[in-house]
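Take this structure first; my questions come after.
Letters A, B, C, D, E and F mark the chains in the order given here, with residues in each chain numbered from 1 onward.
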Amino acid sequence: MSEAITDKYDHKHNDRIMLTAAELFCERDDRVLFANLNLQLQEGQVLQIKGSNGSGKTTLLRILCGINDSYEGDILWYGNPRDKQAEQFLGSLLYIGHRVGVNKVLTPLENLRWSASLQRDVSDAELMTALSRVGLRGFEYSQCFSLSAGQQQRVSLARLLVTGARLWVLDEPFTTLDVSGVALLESMLADHANSGGAVLVTTHHTLSVPDLRILNLDANREERL
Amino acid sequence: MSEAITDKYDHKHNDRIMLTAAELFCERDDRVLFANLNLQLQEGQVLQIKGSNGSGKTTLLRILCGINDSYEGDILWYGNPRDKQAEQFLGSLLYIGHRVGVNKVLTPLENLRWSASLQRDVSDAELMTALSRVGLRGFEYSQCFSLSAGQQQRVSLARLLVTGARLWVLDEPFTTLDVSGVALLESMLADHANSGGAVLVTTHHTLSVPDLRILNLDANREERL
Amino acid sequence: MNWTWFHKLGSPKWFYELTSKWLPWLIGAMVIFLAVGVVWALLYIPPDYQQSYTTRILVIHVAVAGTSLAFFPLMAVAGTITLVWRMKLADMVAKNAAPLGAWFSFITLATGSLWGSVMWGTWWEWSDARLVSMLFQFFLLVGVVALRSALEDNDTAARACALLSIVGCINVVIIKYSVEWWNVLHQPSSPLSMSGESANGPEFWVPTVVMIVAVYLFFAVSLILATRNEILQRERKAAWVQELVSKA
Amino acid sequence: MIEAIQFASFSEFLDMGGYGFNVWSVYGLFTVFVAANLISPVMKRKRIVRDLKRRAVVNEQQSN
Amino acid sequence: MSQAASPSTGHAFLATLKRDLVIAYKRKNDMLNPFMFFLIVATLFPIGITPDPERLGEISAGVLWISALLASLLAMDNLYRSDYEDGSLEQLLLCPYPLYYLVLAKNLAHWLVSGLPVVLVSPLIAYMLNLPQEAYLTLFLTLLMGTPVLSLLGSIGVALTVGLGSRGLILAVITLPMSVPVLIAGTLAVQQTLNGAPLLAYLAIMGAMLLTALTLAPLASAAALRISVN
Amino acid sequence: MSQAASPSTGHAFLATLKRDLVIAYKRKNDMLNPFMFFLIVATLFPIGITPDPERLGEISAGVLWISALLASLLAMDNLYRSDYEDGSLEQLLLCPYPLYYLVLAKNLAHWLVSGLPVVLVSPLIAYMLNLPQEAYLTLFLTLLMGTPVLSLLGSIGVALTVGLGSRGLILAVITLPMSVPVLIAGTLAVQQTLNGAPLLAYLAIMGAMLLTALTLAPLASAAALRISVN
């Protein structure tokens, strides 16, 4: 199946290939999650990772970001080993995991200000705009523990709007969003891809994003068996 | 809007009305979440509560169950005040919240055994059957921290199969489930309703369950304004 | 039994209006008693043959110390009302009583040791039950304040603090008796016992009584002022508050 | 009962029979204590009223 | 509470007890740590205060009790925390049996795992700290009766603070004053035995404390849990 | 580490420092509690050991140091816990700046909030425990230099244990042995001052400890965090 995906790539634009994973192998508790997994992500692409519960989506994302390093295989960033250029890689990466990184005591604004500062310098006006774009106008100064589950998720989505990161890695960002939230996030993904960024996203939803590519971990596994 | 819903009720079967909420009012941080909210739930019904993020779905469920008691209004259980017959009410209730009540250190089997014991006496064979029905065969003896997000959610769903509770209250039970998991849960809801149970569920999904009734908190709010 | 008076008592509006009427009188009385008490104590109490002019400390100490013992019972009663009847007013009083009580306890400790340094030649004495139990009353009150500020939800905080106040009230009593008992068995009764002070004549106890009344009045005024603020804040959406504010 | 004023001179008054530090500390503390616990609620009340007024104005503007 | 003695309440009690013991067993440290903490804190004193055996002997009873108290306090944090975080506490509250018994089951499991080992190792540490021999039995018995009281009291504090982000310290600030009477009774008993007083009177007092705590503290904890989860 | 001194690293350092101070300020107790804990634990000793001022004076230096150590230990729990639980820690690890500085910022904020108040109140408690007057300055200065070391060392322990369900105790078991040298140096300094030895030598030792901890401990903490989050 690795070929199946690789074949679709546009080999003329190799310099636009951001992230490459080659021959990834990961096993947990004696269960092989994936073996021989290859994937490439180009600028301007949205790649959805699908798979049944426990198929290894979260694990794959964490491996690609470098949070988890119990894997075998190569991960390349613009053609060179990712770990050799950690600074550039991390400077272009934004990861939002299952746990979204929102402190409950701080307000949405304070949370966003700190997250942004880890990547670049952002003015408060920009932060406020981002917050109201994700539907948190009026909640900028409430402490986050008093927000609903979906509202907390929205705080983390505001990070997408203020970061300069080119590569977004999102682990189930749709879970608690309502219909308008889902539409908003889909449009954000499309915009990002349009402007040359790339997105890696896991979700069980059926995404409506133009030119969506899908990697199905279950298929990968079945083929292997 | 209260009439809108009430009118649909089958007034001949008043003795089949499990749960009634009359004139519920709740406000948090000076924001009125709902006022004048009326709802009735009969045996055999599935009621989905909809609403945008922060509209008060979670709060409503917790109020109905009695976890949260900062509300005004009356809640009746088979026509009598809920709090006067807490034992019967709690004996017929199963609540699964955002946090699903799965201990990470224990195995799915141990988790389920304890949850079940809080309601009734269940044999291990029954528990194992329930676990494999929710797709956790082979994971019965793994510790839960090593399960994926969706698998942990499935552990909590197994409780639905072993409890004798007539009223299920589920807060966003679909979030991390894959396609097969969603189908499974929907069939479980339908079965439960068929056998005379009742379900209160919040989700942003479009549920495919026969005879689904929907309460939209946003509509409620707009009408009020 | 007719409970209307009870519910009326629980109405913040009723309390606010009632105290509006009483406050001027209370404040007036407080100022008079404080002035008379302080002037009398400082200028007119004759020196004790043994304690010289330090009896002037005692005037303040006794008044503050006596009042500080009222806080835990007050908070426990208010807490019970909060837990059982959910009366908002009781919690508003309890909320403001805790920090004020911590202040009172602290001043008791400070004036006590300022006097102790003269009388006993030491600022602090671990073997005295009254001192130790007062110190722990201070700790417990700070604990209540800390818990209040830690819990974000008003309703949760109210009930949690109510429970802690009740437990704490019992605890202060137990600590006091256990320290007493501990020391009685430990060593011959402490030579530093506070009771049975030199037989003081009226030239001493009259200003003391004046001061006690003054401090009680001050306690009432301060607590009422703080509670009224609390009412304004929590009832800010009520029509009568908005009307009141627009006139202010 | 009220004897004469107990001090002949002001410096004697300050000295309090050698215990000036203790006596004046107690009265100083007491003054701070009373003043703080009266002034702070009064100040707070001013703040609250100002805040509520501002809010009322904002609300009015919004509803118009 | 009408169902108090019904077989299913007992069933839920046992299931909860067993669950908590299994969790502790799986975590392993839960059992080892209070014990290690007790050991380490007790050894801080010879280092920080004095290594002289005679002077150590004089302070050893107090040091042992204070170490036990702190160990018990630190161990408390585990009592309801993970249940709160994963939502099990809501299940507990929504269970049709009286919360009193379930809280009691949790407290019992907790003491078996964190209090009992401390009591069992205390003679060893007493020896290391040069406690006079006559006091061993008293120390052991008072700790045996006193540590459950500490657990039961601590449980109230944990229940009140379980929803807070910053834990540990506020718990200590609430719980330590409540433990002082136990500390006094315990050290007093040891001291008096050294002075030749009869042991029984002190044990009676400890027993009374334990009984009172057993009946009242779980009620307070249960109420506190309801408040915290709200 | 090539970017170490770039303005953006400094920006991230300040932002993190400020964030942690704001969180502490909002929680309020974070600031009050280490202080109260220190006070309360220190009062347990007169009650548990002896109220006799003379004997208290002998043990007071040790008691103060041990209480400070325990207060610092208990306060540690807040350091990375909530960041781990809400996912902020992953953000920290995936940030392009050297983790060393960010960890240092978090440690600094933590000490300012929980260590400094303990140092400031120590003379009062020293008085209540009847510490001989000549030792005040030494005690104060050694605590001022010693508590940051305790924080920095504790940070390693917290970072290692941040992923564990049962906290508190395992942390203590890891951290306390590491803190013993600081305890020894601190109490020794006080003792020696009482014997008339010059203060400066001890301060130099403390200073050396502080410098070493400042350069090495955050590196160890950073590595430990990477391991824990994995």
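In this section, contacts are C-beta pairs under 8 Å (C-beta built on N, C-alpha and C of every residue); 3 or more make two chains touch, one makes a residue touch a chain.
All values reported here derive from a predicted model rather than from experimental measurement.
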Shortest hop count from chain A to chain D along touching chains?
2
Chains touching both chain A and chain E, listed by label:
B, C, F
Highest contact count belongs to the pair E-F
Just curious, how far off is chain D from chain B if you go by their C-alpha centres, in Å?
56
Calculate how many whole Å lie between the centre of chain B and the centre of chain C, each centre taken as the average of the chain's C-alpha atoms.
48
Length of the line joining the C-alpha centres of chain D and chain E, rounded to whole Å
45
Report, in whole Å, the distance between the mean C-alpha point of chain A and the mean C-alpha point of chain F.
37
Which parts of chain B, given as residue numbers and ranges, touch two or more other chains?
70, 98, 104-105
Two or more partner chains touched - positions in chain C:
136, 139, 142-143, 146, 150, 155, 179, 182, 186
Would you please write down the residue numbers of chain E that are in contact with two or more other chains?
27, 82, 85, 164-166, 170, 173, 176-177, 180, 184, 230
So in the complex, which bits of chain C are touching chain D?
34, 38, 40, 42-47, 52-54, 56-57, 60-61, 64, 100, 103, 107, 110-111, 114-115, 117-118, 202-203, 206, 218, 221-222, 225-226, 228-229, 232-233, 236, 241-242, 245-246, 248
Seen from chain A, its contact residues with chain B in the complex are 28-29, 51-58, 98, 135, 139, 142, 146-151, 153-154, 172, 175-182, 204
Would you tell me which residues of chain F are touching chain A in their complex?
2-3, 8, 11-12, 15-16, 19, 22-23, 26-27, 82-83, 85-88, 90-97, 229-230
Residue ranges of chain E touching chain F (in the complex, touch as defined)
27, 29-30, 32-34, 36-37, 40-41, 44-45, 47-50, 55, 58-59, 62-63, 65-66, 69-71, 74-75, 77-78, 82, 85, 164-170, 172-173, 176-177, 180, 183-184, 187
Complex interface listing, chain D residues touching chain C
1-3, 5-7, 13, 16-19, 22-23, 25-27, 29-30, 33-34, 36-38, 41-42, 44-45, 48-49, 52-53, 55-56
